[in-house]
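Some structures are shown below for you to check.
Below are two complexes that have chain A in common, paired first with chain B and then with chain C.
Here is the complex of A and B:
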């Protein structure tokens, strides 16, 4: 009874449908509050540091979320991040601002096209997404290593300001990174829930055959999803170069980033089976995963134990989710 | 004119019959790819076409083949294990730590690590229904943290394994057949028998093909899944111990490079990542192809960047070729 009342009220209905996304935002809020009591001073510096450090993972997770919603998975996103990172670091160093902006736009557009091509290859070949992107991940990280054989390069102060809030990457205002965190997430979330193409991703992800029979272009949906994933990986690489001031082509960085993006997506309530979830929730889990580190450091946990705790938390949350689903199934 | 067209027709017919033959014998095609790669490698490095070349390829392929065995069993059930390499590393550490107590205890303790971690993965996936990708990823992160911490405390100084394990990983029987290949052969025979002939093997295929149907037919799906993850853990531990024996020393990066190749070997060998289709014989060929490819790229001496690009392209091409062969049939 209460349920049907809630369904009739549009505002409540939206809350109900996005309860998981809402939950992870509340969790993030609680974590920030808790963190502010753990350390002696909590101010703009901490907000800047948390937001700017979570940018690469959040962008990658948004891209992964769109791809997972459309029924795929992309294990090459981390390698694309490397590629974007090294191209930016190699060609932006010492250039005037217009050139830097042009390079940044070129990277985002180029990686979008590149990954859209991967999406096309997946639809054309009939090889599972996970296998194709596993292979292309090797290709992109090889390419990254070829472009920048050892860590180095740089970027323009304006780029650093855009993603970190200060031209030198240290301290600064928290508005630029906060806006860069929220705007892409909100744009992709609204786009995926309101436009024709965005909704077709949900349709294709939840049932490919039904979507095709209903007249949707399954191939286009997949290509669009992978294109957006590529663009977000491009942004993530730019954020990385702005954060660190250099490019780094190491394979392990890409592999870790990919795995973290999958973890953020699943914890954010996007089902790996496709068709379910909200991109905006993924933004919160991306920040949460990054925030665990300073929290555990503030609690004086050493970094190895912090890694163990992070793993236990991820597994624990998912086990809890599985248990809830199981109990609900039994009751019905 | 007419004779010419007949010739063309005959050639087309021959091509079609080759295609049909390839569709029916995908393993023979894979074996052909392996032989081709082996010959190309021999053309670049003349010394490779010899008993020692074959021996080296097998020695390289054994740990990868065993890790890919773990991956194959799980992929048949629709799962995957991203913690195989950390289990292997952990087992190698514990085996090194127990080596002063004798090789038998060292090996047993190593295998025990695999069994315990595999069971934990299995409980998460089979009972709590956590997505296997996430469960094993989290487990891998937990193991990395634990073993990094333990190498400074309880496992400090445990970097050397017992002489018997070193013999097992790098030594040869009668000077030509590496012991690790004998171990791999034993694993392969047991696994192929289990998958093809035992009831357990049938259930593995059944729950990978259609879990609901298997459950309705009375299969206790969670038990089968749990046993598959336990087996995966033990197989990973075996691979880790062999690797430790081959390199002689243990470190945290011991098995790290094998994670993606272990998945790729199973996929190239024709095991479906969605479950229910494939087998271990294909995976063996996949592991052999990847190791000979590795030797080829090492001999070419083109640098790591080109090496990664070529590796990725060939894995993609093989998977694409296999998919287009089997889809038509």
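Here is the complex of A and C:
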């Protein structure tokens, strides 16, 4: 068969193996195209706007994807984003650039260690991920309020430029946000598919016992996955402070972010049962979720209906994925 | 393995096709091909046919819903607006920045927003202003340069009501201050106004201060606890009023003078319970500030150079001197939480609560 011939070609094989990720990127392309017909002008301003506003969700979704692939789920990622956001806003305000950079690195490294510790506690205690991270999520949200009781603080213009392409946060070049969107996603995706530790996440998430019997370090895999999740949440909080120029400790922001990260992961073809999925796909679905809102507004869909449509879309894509899996089972 | 991959591939192609087809056969109403529009900054004052953008970040709140409806009613009544684009969702500054950028992308002539933060939106608002878009912040202020601001004077809200109460009590007595949400700017401002009034009446004693969180049932419980346990001569509320009055009836305690907002339920009580000894005053905090903002935006667009800052001083209607006015603003068809004071001279063009309640924008 022509198909099996194609499978022997390595390039085509990679394409087939990542067909869901490819599909969501094409879907995003189609949405951007559609959006560009709904508005009078589509240019650099719009590209910058879409990419920079997607950054927090995309980072959070990458972190969530890695954790879900390793067989866990982290409901505290949104709260970690809040924590990163308020620490950055409170301590970066009015500081010189070197201090700001140090604080940024410290936040990413610190939250990575903090969440790795949570991963360690999960493996040690055997308490389900969802329970532990629900609890830690409340702790981080409380801490965030304690650090910054009400919206305020600030950051350096250079920091804002890095994530938004402009020192003021609006209307800058689209290259910095575009690169900040693609590079972390690509790095984590390549790392997860080519390194020994990265691949062990898939093995552990797919079948923990088999992975253990095969001699893989299950505990290390989980700790690493949660550590990456923490680092990405730290990055998301930095992106948020760059977007608004202030910190905001409100609980709802973190809770929304967590839910959206799970939605992006699910849409991106990462199975919630673990072991399946491509991290680079969730970059596209993160942007897609951000794009839905302007498109629905442009179509004059009432806000109350917009949420329903968003939910129906997620359910529809998921049921489509289920149908594909069902057909596969029946064929084989 | 091969089968699975093939099915995945076919699947993703199908999804894509479905979306492409969906996108092609169902273009949005009013969708236009990407045609560059003239830069608005240099455009002379137009006669009409404006597109207004609205951004709000609190959904499911009666006051805010009424604010949006007042914008719609005003835009419709003005006859100058072709289309309203409304970005309305529960969100923080990050999402509001995205919404505002989207409104700019839609090519609106003016943006009316209820800001989620005083400073965080400045860059995007100033970018809009630089493109010639008129920006009006309503209800709460922004610090962006060049933005129009229309707000209710919350300090005066606190002061006017408190002065009426202290005067009614003859400058002497025990009062309760039922505030809103601790730390919210509007609550702080109202409290400051209350304190300003209190400073002028040394024989008024504040025996209790509560935070109702602007929640009717919370306020009711606090009121019931207070009126059944301590001696009170008067109550000042930050707008949680009709459920407080109900507690007097439930506990069978004689009414004391009470200050509330222009909530329909409270206005009704002031009219109907006057014979049973209820004395009270409604201080206005109109969500129709949205309509005022719309009027200012249209004035700016048509070259009438409105004031940059509009601070609406609340009005006070008590059921001793202003009973007829209370009867005039009372809206029998609306909910108890409906803000009855909707016609704000000289800004609003629609006709009363019915027009606002219909909640229809231009072309709807």
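Assume the second predicted complex is superposed on the first by the 325 of 332 C-alpha atoms of A that agree within 3 Å, B and C clash if a C-alpha of one lies under 4 Å from a C-alpha of the other, contacts with A are read in each partner's own complex, and residues count from 1 in each chain.
The definition used in the following text is that a residue touches a chain if its C-beta (ideal position, glycine included) is under 8 Å from a C-beta of that chain, and two chains touch if they have at least 3 such contacts.
Not measured: the values here are computed from a predicted model.
Look at A:209: by the touch rule set out above, it reaches neither chain B nor chain C.
When the two structures are aligned on the shared chain, A:42 is found in touch with chain C, with no touch to chain B. Judged by the touch definition given at the top, the superposed model places A:194 against neither chain B nor chain C.
When both complexes are overlaid on chain A, the residue A:293 reaches chain C alone and has no touch with chain B.
Once chain A of one complex is fitted onto chain A of the other, the partner contacts of A:125 are limited to chain B, with no touch recorded for chain C.
Contacts of A:259 after superposition on the shared chain: chain B is touched, whereas chain C is not. After superposition on the shared chain, chain A has more residues touched by C, the comparison being chain B against chain C.
Judged by the touch definition given at the top, the superposed model places A:305 against chain B, while chain C stays out of reach. Contacts of chain A with chain B, set against its contacts with chain C after fitting on chain A, overlap at residues 149, 304, 306-307, 321, 323. Contact residues of chain A toward chain C in the complex are 3-4, 7, 16-17, 19-20, 22-24, 26-27, 30-31, 33-34, 36-42, 45-46, 49, 53, 56, 149-151, 166, 168-171, 240, 243-246, 248, 250, 252-253, 256, 290, 293-294, 297-300, 303-304, 306-307, 317, 320-321, 323-324, 327-328, 331-332. Taken together, the chain B residues at the contact with chain A in this complex read 82, 124, 128-131, 133-135, 137-142, 144-146, 148-149, 260, 263-264, 267, 272-274, 303-313, 315-316, 319-320, 323-324, 327. Note for the complex: chain A touches chain B at residues 121, 125-128, 130-132, 134-143, 145-146, 149, 251, 259, 262-263, 266, 272, 302, 304-312, 314-315, 318-319, 321-323, 325-326. Contact residues on chain C toward chain A in their complex (touch as defined above): 2-9, 11-13, 15-16, 19-20, 23, 27-37, 59, 85-90, 92-95, 97-99, 101-102, 104-107, 117, 119-120, 122-124, 126-127, 183.
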